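Each of the two complexes below includes chain A, the first together with chain B, the second together with chain C.
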Partner chain A sequence: MAVRKVIVESSAGLHARPAATFVQTAAKAPVDVTVAKPGGTPVSAKSILSILALDVRSGEVIVLNADGDGADQVLDELAAIVSVP
Partner chain B sequence: MTTVLAPVAGHVVGLAGVPDPVFSGGLVGPGTAIDPARRAGEALAPIDGLILKLHPHAYVIAGEDGRAVLVHLGIDTVLLKGEGFRPLACEGARVRAGAPVVAWDPVAVASAGKSPICPVVALDARPGTLTTLLAAGPVRAGEELFRWGGGYD
Partner chain C sequence: MATESLTGTGVSPGAGYGPAYLMGAAVPEPPAGARHDGDVVAEVARVEAAVERVAAELQARGEAVGGDARDVLAAQALIARDPALAAEIGDLIDAGTAAERAVYEAFMRYNDILTQVGGYLGQRVADLADVRDRVIAELTGVPMPGLPAAGDKPYVLVARDLAPADTALLSKDIVAAFVTEEGGPTSHTAILARALGVPAVVACAGATSIANGVPVLVDGTTGLVGLMPSEDEVRATIKAARTRDAALAEVTGPGATADGRPVALLANIGGPRDLAAALEHGAEGVGLYRTEFLFLDRDQAPSEEEQEAAYREVVSAFPGRPVTVRVLDAGGDKPLGFLPPTEKEPNPALGQRGVRILRIFTDVLTGQLRALARAAEAGSAEVRVMAPMVATPEDAAWFVAACRAAGLRSAGIMIEVPAAALRATDLAPAVDFFSIGTNDLAQYTFAADREVGALTAFQDPWQPVLLDLVAMTASAGVPTAVCGEACSDPALSCVLAGLGVTALSMAAPAIPGVRAALARHTLAQCRAAAVAARAQTGPEAARAAARTHLPALADLGL
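Now for the complex of A and B:
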């Protein structure tokens, strides 16, 4: 089980553009990937609808979770996407 | 099967006409886009459903069958921080297709240096599930844009 807790630095939060890049990257991973706000219910990182509904604003913390082969790699890629201001 | 209506009047330009590669490349999802008529007006709900997210510059309506449609009022308009946009409904409210959701002014958006083009996107739609009803040309608000059959993820 791989976990990352990252601050979303994108100025627009995790909305249209960063959200699309985020979901496209997660969708390519061979494993399930979830994202949650701390203490919140995890949702699929592969669903643009789930990500837009999660409504992550700039400066908020998200928790990424994946399990299986390639889990660390995809979480590193996702963390890098949201770390771009 | 969901029929998606034009949220604004203008010209249908398709996603290829959106000056943002993330939308034009279909990365947000399949759909179309409208270059809005340059006059203040109301952006409408494209389908029946729940207002899942309502920002001044963008909203998501989720139908009872789970299909959800994003309407983005202009490109990079999040940076306008609500200036020129006035929500007419509340997040969590149920609306009928064609109901007004946000009052806005494409002229003000263009004057602020942003493109007022409005992508209308079927979220999480599987490839090949959209049927285009109006590919290009003039469109009235509330006119049928595309049908969404098949599935979504």
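Now for the complex of A and C:
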């Protein structure tokens, strides 16, 4: 199981265009990917509505989680997306 | 011939042809508690297919327009394809909920969450609702909300009515013509269509029952909307429209017959917002200024100052020209809360309406007349004031006295009750002018409610009995105008001139056609057409008989 803890740097947080890019990237992955705030309930990274409802603001930490073939690769990609200021 | 055709009011000239695109109004909420018939798999498959079509359409539109709109539409496509949403919908269907209701409920859950978060997300709720409505529209077969993407060829946009927001992005390359079920010559659709130079037909009964994609031929001058026309018909109509528009554009100046008998061509307006169209089409003044719009949706009459400002705007637009104002025509189909009839009325059209209600609430009339008198003094227009629903010489004398007391120089009455037309000679001595309202005159002559769709045949202004009543009125010795749908028909306008009518007031876009028709016929031809029409027993025969005396109509494509 792969886990990443990343700080969301994008000024819009995980909303608007970064959220769309994030979800589109996750959706392509062959494995399940989840996002959670530290200590919070994980939601599917492939669901734009769930991501929006998480309401992640700029500067907040998120925990990404994936399991299976290619898990590391997709988490790296997602971490890179939210790290763009 | 087209396999089927509809008729409305042409408000923007030219002919347009393309596939119909029916723009939906709000998509209705699927009824709570709706259940499917037990086939969960089929119901889920239905939703999946609908969602995919909606998502693909949104994505394709986004890619077509580019820019910021692409991001918005791509995000909407993502919402449609959201797996968490699909899971919720699946759970609801599993529990027996019908597909469209399941879609509605699942979307509403996220709607509530996003609303609670507020801020930026709160603003995305509209996007969510739009996706929801699109999916439900797919599932239930109701028209898709909003406008379609630009297609390979321009489409004919069909709607109940159009709002400015609907049409902001339209252009001639996207829309071949507009057809709306509601609206009038001054509706937003009409104004927009003329501004874009796109043909338009409004008030077209049955328009919203046109199926999506059906080829439609629209004639924005005659108001004819043909469904599935032949290629020959399309070619002929477009050619005729070009010829006609060119011929109409050649005739300018004040209205007159070929031999120089003046017939004033005036505009019907509902308020200052209609002035631009009136001036654009060369109206020589206003023949009917309906003042109801100032009074609607209110608890009490507007102040004299507010009224004066609205009247001044119209008066100042036509310096030295006639501006004919109809005082408040309340009651009947236009009830006002602050002018209640004194008893319950089983037949409002036959009740205390027009001058009758003003004789009860005299202060409302007095206030309006004072505001009109002040507006008249401020400008140089020739302000004429008239009362609706006058039936007796006593009504006429009472109204004229009220106008004189307010300092208004020209006072007249509408002729829309058969009693008034039949005894026009009794009413004439009291007034400065008559104006015949053909729509109400038809309603009262035939005892046929104009709001009842099944009785529309009685509203045909070519009914010979109406021509008789016009003739009686016009020969009573005072200047007689006609305001009403009748004037928009170029052939009938010639007949009316032949009956002795001296002014015609109509929706502004009809003026060029009427001007051209009059200019190509002599008064003698108009009189012969009137005699021929009155000799018939029905409207179709009257129309045909009149046209035999008006040969230039065909040359004009009218």
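Structural remarks
Throughout what follows, the second predicted complex is superposed on the first by the 85 of 85 C-alpha atoms of A that agree within 3 Å, B and C clash if a C-alpha of one lies under 4 Å from a C-alpha of the other, contacts with A are read in each partner's own complex, and residues count from 1 in each chain.
Operating definition for what follows: a contact is a pair of C-beta atoms (placed from the backbone, for glycine too) under 8 Å apart; a residue touches a chain by one contact, two chains touch by 3 or more.
Since we're looking at a predicted model, the values are computed, not measured.
In the superposition on chain A, A:A53 contacts both chain B and chain C.
Legend: residue contacts after superposition of the two complexes on their common chain; A:R4 is shown touching neither chain B nor chain C. When the two complexes are overlaid on their common chain A, residue A:V43 makes contact with chain C while staying clear of chain B. Using the contact criterion defined above for the overlaid structures, shared-chain residue A:A16 touches chain B and also reaches chain C. Shared contact residues of chain A with chain B and chain C: 12, 15-17, 19-20, 23-24, 46-49, 52-53, 55. Taken together, the chain B residues at the contact with chain A in this complex read 20, 22-23, 27-29, 52-53, 55, 58, 60, 62, 68, 70, 72, 78-79, 123-124, 153.
The touching residues of chain A, counted against chain C in their complex, run 12, 15-17, 19-20, 23-24, 27, 43-44, 46-50, 52-53, 55.
Per the touch definition, chain C reaches chain A in the complex via residues 71, 74-75, 78-79, 81-85, 110, 113-114, 117, 120-121, 124, 128. Across the interface of their complex, chain B is touched by residues 11-12, 15-17, 19-21, 23-24, 46-49, 52-53, 55 of chain A.
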